[in-house]
Structures are given as C-alpha cells and as structure tokens.
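You will see two complexes here that share subunit A, one where it goes with subunit B and one where it goes with subunit C.
And now, the complex of A and B:
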C-alpha cells in the first residue's frame, strides 16, 4: 500500500466517521440530559432526510430547505418526547430501551408505507465530480461532511460550556432535583434536548442524502453511531465525535486490508470488547457495577 | 386452581382436535403460535424473572434453526437427533454470551445483545456456502430415523414439545432457580446478601433462555421448510419482547397469552398487512406506557388475586 492510498483511505474513513460522529452526538444529548438512550435516533436521521425531500418537492431552494428541515425535525423531537418519553421517563431502563425501539419501528414502517423501498437522491449544490487536493482526489460532499461535523462539535461544546441553556442542561443531567430547586424547568430541558437531537439527526440525513441516497433503511447506521458513543463514553461529546472518527477509519482500513466481511464485523467486535472491558468508554464517568 | 385445570383441559382438547377440524393453514398458524410460545417462555424467564434485557433472542433462535438445518441437510443426521444437537449448540453459545454479559445490566446489556444480534446476522450473510446467505436455506422435510412425517405428525410433535417446554418453564420458575431469578431482578445486592450469586444466576438464566430459543428454532425448521436471516432480525427480537411485555412479564401464562394473541393479530388485520409493523410497535409502546404489568398482571390485580409481584426489571 503506497502512502497515497493510505492517505486516501484515511480521508474516506474520516468522512464516513464524521457521519457516525454526528449521529453519536445526537445520541449523547438526550442521554446527557435525561439518561435516556434513544434507540430511535437512526429513524430520526431517516425522517430528516425525507422531510428534506418533501420540502424540496414543494420548491424550496436548498439554502432555505436545510434550516426548515432542521426546524420541522426539532418539532418532531419535541412531539415524541412530550407524547411518549415524558410519561415513562422514571420507568426502569428496560421500558425506555424497548419504548424508543418501538418508536423507531413505527417511524420506519410509516416511512416505508408511504415511500416504499425506493431510493431517492437529493442533490446538493455542492455535489459534483471529485476535486484534486494535492496528490489526492476528494469528493466535495466528503469535505462538506467533515467540515459540518467539526463545526457542529465546536458549536455544541460552546453551547454546553458558555450558554445559560447549555449549563441548565448539564445541571439537569447532574442532579434533577437540585436543578429543579434552582428554578430550572426540567421538563423543558428534556424537550429541548430531544429537539436538538432530532435536528442533528436530520442534519446527518441531509448530509448523507447526496452521497448514498434516501431509503427507509438509512437509520441502520445508528448501530455504528452506538459503537462510536460506546468508544467515546456515553454523554461525552468530544468522546462521541472521536469514537465516530476512529470507527470510520478503522472500518475503512479493515475493509481495504481484510475484505468486506471483516469490515462489517469489526464495529460489533469493538462494541462487545469495549462493553466487556471498559463499558464507560474512553472518557465516560466511571460507575459502580454490581 | 380448579378453574385453571379446567381451562388447561379445554385448551388441550382444542389443540389436540385442531388437525381434525381445521384447515391446513390453520394448523400451520397453530404451529407458529406454539413455536412463539416456546421462545416467549424462555425469554420471559430471562427478562421477566431475572430482569436481563436481551435483544438477541431471535438470533439465538436463528442459531438453533441453522444448527438443526445444517445437521439434517448437510450431514444427513435424522431430525430427532439433530433437534437436541441444535438445542445444545444454542445453549452453549447462549452461555458463552451470558458468561461475559453477566457483569452488565440495563443499557449496556442491551447494547451487547444488540451487537451479538448483528454479528450473528453478518456471519449468516457472509458465509453463503454454509448457510445459504441472504438467499436462505431450503430444508428437507423432517424424518424420524427414515420415517417420513406427514403434516399432522409434525403438528403433534410440535404440540408435544411445546407442552413439555411450557411445563418445564413453569417448573423452573417455581424452583430454587426461579426464585433466585426474581431475587436478582429485584436487587442484586440483596440477593448476594442471601448467598445467591447474581453472576452465576444470570449465566443460568441466559443458558436456559438460549435453550428455549434453540428449541423454538429447531421446531421452526420442521414447520416452515425454509429459513433466511430476515426471519431472525431485530424486529423478530422485538416481536418476542412484545409477546412477554403485552402478556405479562415474569409469568408463564403471560408468555402464552401474549404469544397466542400477537401471532393471531396479523391474521385479524389481514387487510392491513403493511401496517403490521406499525400496529406491533404501537401495541408494544401502548403496553409499556399504559399497562406495564401486561394483560395477565393487570387482570390479576383487577380480580385482587395475590399474584407474585410482576415488577418490571
């Protein structure tokens, strides 16, 4: 393998990994606020892509469609949280895991009923032939994906560190009762966490749409995002982003060196190994195990 | 108790008479119900009693089905021998998952079992020479040491095995181990203080659940004659969880009620076949939000019966 191919693989690994990282970030936010891991997050990605499709078919230009999609998706997130998650937020983990799974199944089935198994393409203004960058050739979509992810991580870190709202979310994650006593509307924080997660999921959907197309199985990539979140540690934003990128690069290299079957299996090998040896991930808080 | 015995007798009489009075499609449907009962009873011991989430019950069933199928089709082992081999293989693989997973609980266990599910389906899909891959595997009709079985005989065999498995499940639940399962679910710390080792008990629960899933898979091959990986995906696992969540967690009767009702449901909704996933999801969500004790638990408390507490894991 020449260094040029090696670099090219790193680049495509990073762009795949960026998508995993975005979805892993979307998983981390409601988890941070309410300890709920949203197994329907993959379907929120699918949903976002289809919302973009519908809005485009109404004739919205791309620059207006993207923010509109994120807003609609955020509204969906609030709706799901209010209707299904809020009533059972104090229920045991089993209930929450299965309930979010059920929400995902319902969304996927409804999407499939309406759009069938067709794959739609949603062209973006930036999609085009590969550009030469130094010795490498780079698909512009990949550059946009990597750039958006970097920007998103930076914005989220700023949001959680600097803004009142972000600090309120962290307070709720730390101790709900204390947060409520300090006058933070805990319910509203849950709602906005879900809105944010749904909007980020939709962003992932929009970024993927010009690359691999839109179909009801898009949400399957949530499994990879879960692996990324486990590597980084749940609730750690930087960890989730790093986990996604690492997974993308490892997976691409495994595929190039050992073939497709190995590429498919390696994420789950990593997942199981991490959960057994270091379930809190690289940066997650340690916790007692019984 | 006498009412219970009478009910069992009526159900048994109906099940025995079904091939005489029903169409072949109804018999096939009844076989699917029986197989789902076996899977649900096993899962309920693990999830309902021992409190461990498992999202890979369907892939354990796949292992049972593929092991049985491969032994009969490729090695020409007679079905009656291949079935127990399939159950043993599944139990061993279930135990080898349960051994490392015994230290995890809740969310992390859900993730490990989800990973296991994916690995199993990838292995099935990536080795088409052995497993038939995504195209599936056609099977020979089961025979008992050269004796080819007709449709009725298969039905009675499945019925007998289901009765046996349900009875075994009921007894396990009331045994020392069953009580230990409940103790571990309610509090691992208290269980430990009572000299019940939570790790070992969870491992036992995993192995027992795997054995039931393996049996269900082996019976499935006899009934359908064709298996492919999509039969055993995450939706299948969630369907099995729906059986026990709707029927009643931690109750053998709940597993049976849930499996019967939810296997028949798509038939009732025949007109809206494409909505079946939506309906399943909605029922599961509704059961979790509105009636977390399931049908059996809710009816039990309705009639004020002092049932064993079916608390959620």
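And now, the complex of A and C:
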C-alpha cells in the first residue's frame, strides 16, 4: 500500500466516521439528559433528509432550507418527547428503549406510505467531481461532512460549557432531583435535549443525502453510531465524536487490508471488546450503562 | 319424475352449461381475471419492484379502460418480497393458494425469483417473469414459465465477454460483483464465457454486500492488478458510489456495468463519474430517450405518477408495462374460455408482439419461452446513454438450443 492510498483511506474513513460521529452525538445528548437510549435516532436522520426534500420542493434555496430543516426537525424532537417519552420517562430503561424502537418503526412506515422506497436526490451546492489536493483526490461532499462534524463538536462543547442552558442540561444529567430543587425545569431540559438530537440527526441526513440519496433506509447507520458512542463513552460528547471517527477509519482499513467481509465484523467486534473490557468507553463516566 | 321430464331437465342443463361463460378456472370469473404479482418494494432493490408494479398497473388501467380482456377486467394483487427468496416463496404461496390468482406476473429480481420456481412448477400456474434473468426460469424448460424482457443470464455472459474483449479490446478484466443471485450470476456468466471463448480468466474478482456504501477495499484490490476494464455487477446506487470512489482513488479504467444499471438512475446518482461507462440495455429506448414514442409514453406515465423522483420511470417501469400488455394480448387470444392451457398456447403463438416502439418484440415458441433475445450496447457520452454501433458476431451457444 502506497502513502497516497494510505492517506486516501484515512480521508475516506474520516468521512464515513464523521457521519457516525454526528449520529453518535445525537444519541449521546438525550442519553446524557434523561438516560434514554434513543433507538429512533436513525429514523430522525431519515426524517431530516425528507424534511429537506419537502422544503426544497417548495422552492426554498439550499442556504435557507438547511436551517429551516433543522428547526422543523427540532420541533419534531420536542413533539416526540412530549407525546411519547415524557409520559413514560420514569419507566424502566428497557421500556423506554422499546418505546423509541417503536417510534422509529412508525416514522419509517409513515415515510414509506408517502414516498415508498424510491430514491430521491437532494443536490447540494458543494457537490461535484473530486478535487485534486496534493496527491489525493477529495470528494467535496466529504470535506463538508468532516468540516460540519468538527464545527458541530466545537459548538456543542461551547454550548454545554459556556451557556446557562447547557449548564442546566448538564446539571439535569448529573442529578435530576438536585437540578429540580435548584429551579431548573427538568421537563423543559428533556424537551430541549430531544430537539437538539433531532436537529443534529437532520443535519446528518442533509449531509448524507447528496452522497447516497434519500430513501427510508437512510438512517440504517444507527447501530454503527451506537458502537461509536460506546467506544467514546456515552457520557462524553467529545468521546462519542472521536469514537465515530475512529470507527470509520478502522472499518475502512479493515476492509482494505482484510477484505470487504471484515468491514461488517470489525465494528461489532470492537463493540463487544469495549463492553467486556471498558464498558464506560474511552471518556465516559464509570457509572455509564448501555 | 317421468322419463320425458328427466330428458327435458338434462337438455336444460346442457344448454345452460353451453351458454354460461367458463368460470371454473382459478382466478377467472365472469367479469374479472385475478393476476398475482410480486417484487421488492422495500429495501435496496425496491427500484425494481416499485417500477415493475407501477408500470404493470398503468398498463392494467389502460387495458381495463379499453374494455378489459374479452369482457373481463384485470385485477392485480401485489405482494412485497423484500428481495428475499423466502419472502418471495411466501408471497407466491399466498397469491396462488389463498388469493387463488389465475397467473403470477413476476416483477421480482433474480434473488426473489429463484425461491419460487420449484413451487410454481409444482402448481402448474403460469408465471410470467418480466425481468429476472436467473437461468432457472427458462432452463431447463418448463411449460408454465415464461420470461419477458430479459434473456437468460448465460446469454448476457456471451455478449459481455465478446463486447469486453473484442469491442473494448480488453485482455485483463476485473470483476466487482454483489453476493446476491443476479450480480453473482452475471459475474459467473462472464467468467465462464471469457474462459470458454477467449481462454481468459479475470485478473481479480471481488464481492460486496447489497446496499454497501463504501467500495474502497474492492477498488484497491482492482488497483493492485490494474485491469483494462472493470466489470461491475450490482444495483445503480452501489455502482454510482463505486464509480465516484474509483475516480477518487485514481482508477481511470473504463467501467462496464450490468443491465440493471444501464438507466437514468446511474447517471442521476453518479453524475460526471459515470462518463464513459458501457453496458447493455434491455429495452430499445431508455426512459430518458427523446424519441417521440418514449416521450409520449413518459408523459402518460408522469400524469399517472406525478410525484416520483427524476430517476423514475426507469427501465423496469417500461418492462412491467410492456410485459403486462404481452400477457393481456395472450389472454385475449386465448378466447372467452380462458384456461391455463389455452393461455399457454396463446403465449406460445405470440410472434414479434409489442405494445409499441418503447418495447422490444416478444416471441415465444413451444421450445423456448424467452420473449426477448436482444440487448443493445450503450455508453455514457456527455451525461447521456448513447447507443454503441456494435453487433455480436460470434454464434451463440445459448441461442442455438432454441432454434
């Protein structure tokens, strides 16, 4: 393997891993706030792409469509939390997981009723042929994906560390009762966490759409994102993002070195290894449970 | 009852029987014919089944509006097979045993189709396979199995081998193919024919899983052996990603793709990366063609399905539509007393029938049930599929067995 190929593989792995990272972040946020592992997150990715498709069909330019999509997706997130999650938020974790599973299946079925399994395309202004960068050929869509992930992580870190609302969300994640006694609206924090997760999921959908098209299975990468979140640690946003990138690179190299079949084996092998040896992940708090 | 009364009753019964329409055949009533249909309408191969279903439904709507088949309206019952042989078998069992259909109109891929063949043979019901190329549909010969738009995949192998070696002057051929039935069959057929006619073995053959989104490992393996041509067998969405990634990895070899990818869907998804790709088309005019006949048909289709994506209608819409007309024509020719035997006889007597210039002619005989034996070489030029002026010169071993 030449250096050029090795670098190209890193780039390819980081691109795939960036999507895992975004979805892993979206998984980690409601988990941090309410201990709910959202198995509908993949479908929120899908939903985001379809929202973008609908808004584009009404003639919204790309620059306006993206923020509008994130807002509509956030509203969906709040709706899901208020209608389905909050009423059962004190139920056992297993019940909540099953509920999110059901929500995901319902979203996918509703999407299928209207659009069926046709593949739609959402062209982005940055789409185009690969660009030569030194010895490498870089797909501009991948550059946007990697850049968006980096920016998103930075913004989330700032939000949780520097803003009052971010600190309130961290307080709720740390101890709901104490947060409530301090006057923090715990319910509102839950809603915000779901809004944020849905908007981030939608962002992943919008980034994926120009690369692989839109269909009801677009959010199928949910399990890989879960692996990424486990690697990084569910309690750590930076960890979840790092886990996604690492998983993308490992998966790509495994395929290149050992054949395509190993691409499927490696992520879940890593998941089992982490669950056995370091269940809290690389940066997660030791009490984290998955 | 007196003897004369008995005689009178017997006479009345005979007259009534003679005057009544034949309604004993499963799925056929005085005013309707039930046709069962199945194909993948969910999952990564949904572009096949959705299109086949919609094309057939459009044809049925037109046929029924024009009065139906000898006074009977066609009623289609559709089942999703999810591109799985097991689900396809369950779908066919339901259609035949529970829905009691007269015949099965198959718009599945080869993967689903192979799961159903033994059962359909056993039941004796006609299954008309619009586009699955799995050889088992028509070889070994079964009286109740027909194929419409596609030839058997070994014929693909002959054409692919001849075109790649003689047409593209390639000696080193790499193959990237999916693990499921259809792409695997295409890869096998090409490999076998390269060996048989040219004593060439592929320099590398690698596989992928249906729905894969990253082809870096397979492309790197190709890069190591530097083939003259890379043959890719799978679905358009997969091919589009592979074509883009090939350019990123610096692979500039020409790509040859299987028949399902010679369509607008590949161009929409791959964009500029599809330039120069070659392959064989299953129909004389692709849905994106500006030929007046296709433009008129596309306008009709768009009026019926106004909200579908720009990669529809695809070739499977056309095949489903054209083959439903083939089935309807044979049913009409079978006469008012529609039975499976008469229907098979009518199909076997169809000669160069086609609904219009959008379809290739269908001919069936008593020794072969392959409606279309022709494929057209195509190449992407300036972002459009264009016909390549190339004709096969080698005598076909596959076609020879049907003469």
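As a working rule, the second predicted complex is superposed on the first by the 287 of 290 C-alpha atoms of A that agree within 3 Å, B and C clash if a C-alpha of one lies under 4 Å from a C-alpha of the other, contacts with A are read in each partner's own complex, and residues count from 1 in each chain.
One rule holds for everything that comes next: a contact is a pair of C-beta atoms (placed from the backbone, for glycine too) under 8 Å apart; a residue touches a chain by one contact, two chains touch by 3 or more.
Keep in mind the model is a prediction, meaning the values are calculated, not measured.
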{"item": "Simultaneous placement of subunit C and subunit B on subunit A, clash or fit", "value": "fit"}
{"item": "First, second, both or neither for A:212, with subunit B first and subunit C second", "value": "second"}
{"item": "Touched partner set for A:8, first subunit B, second subunit C, both or neither", "value": "second"}
{"item": "Which superposed partner A:129 touches (first subunit B, second subunit C, both, neither)", "value": "second"}
{"item": "Which of subunit B and subunit C A:121 touches, first, second, both or neither", "value": "second"}
{"item": "First (subunit B), second (subunit C), both or neither touched by A:264", "value": "both"}
{"item": "Partner chain(s) touched by A:175 [first = subunit B, second = subunit C, both, neither]", "value": "neither"}
{"item": "After superposition on chain A, the shortest CA separation from subunit B to subunit C (Å)", "value": "5"}
{"item": "On subunit A, positions contacted by subunit B and by subunit C", "value": "112, 260, 264"}
{"item": "In the complex, subunit C residues that touch subunit A", "value": "41-44, 46-47, 50, 206-209, 211-214, 216-218, 220, 223, 237, 241, 244-245, 247-250, 265, 268-269, 271-273, 308-312"}
{"item": "Residues on subunit B engaged by subunit A in the complex (per definition of touch)", "value": "47, 51, 53, 55, 100-101, 103-108, 110-112, 114-116, 118-119, 122-123, 126, 188-189, 198, 234-235, 238, 241, 245, 274-275, 277-278, 280-282, 284-285, 288-289, 292, 312-313"}
{"item": "Residue numbers on subunit A that touch subunit B, as the complex places them", "value": "37, 84, 87-88, 91-95, 97-99, 101-103, 105-106, 108-110, 112-113, 223, 226-227, 230, 234, 260-261, 264-265, 268-269, 271-272, 275-276, 279, 289-290"}
{"item": "Complex contacts: residues of subunit A adjacent to subunit C", "value": "1, 4-5, 8-9, 12, 16, 112, 116-121, 127-130, 137-139, 211-213, 215-217, 220, 252, 255-256, 259-260, 263-264"}
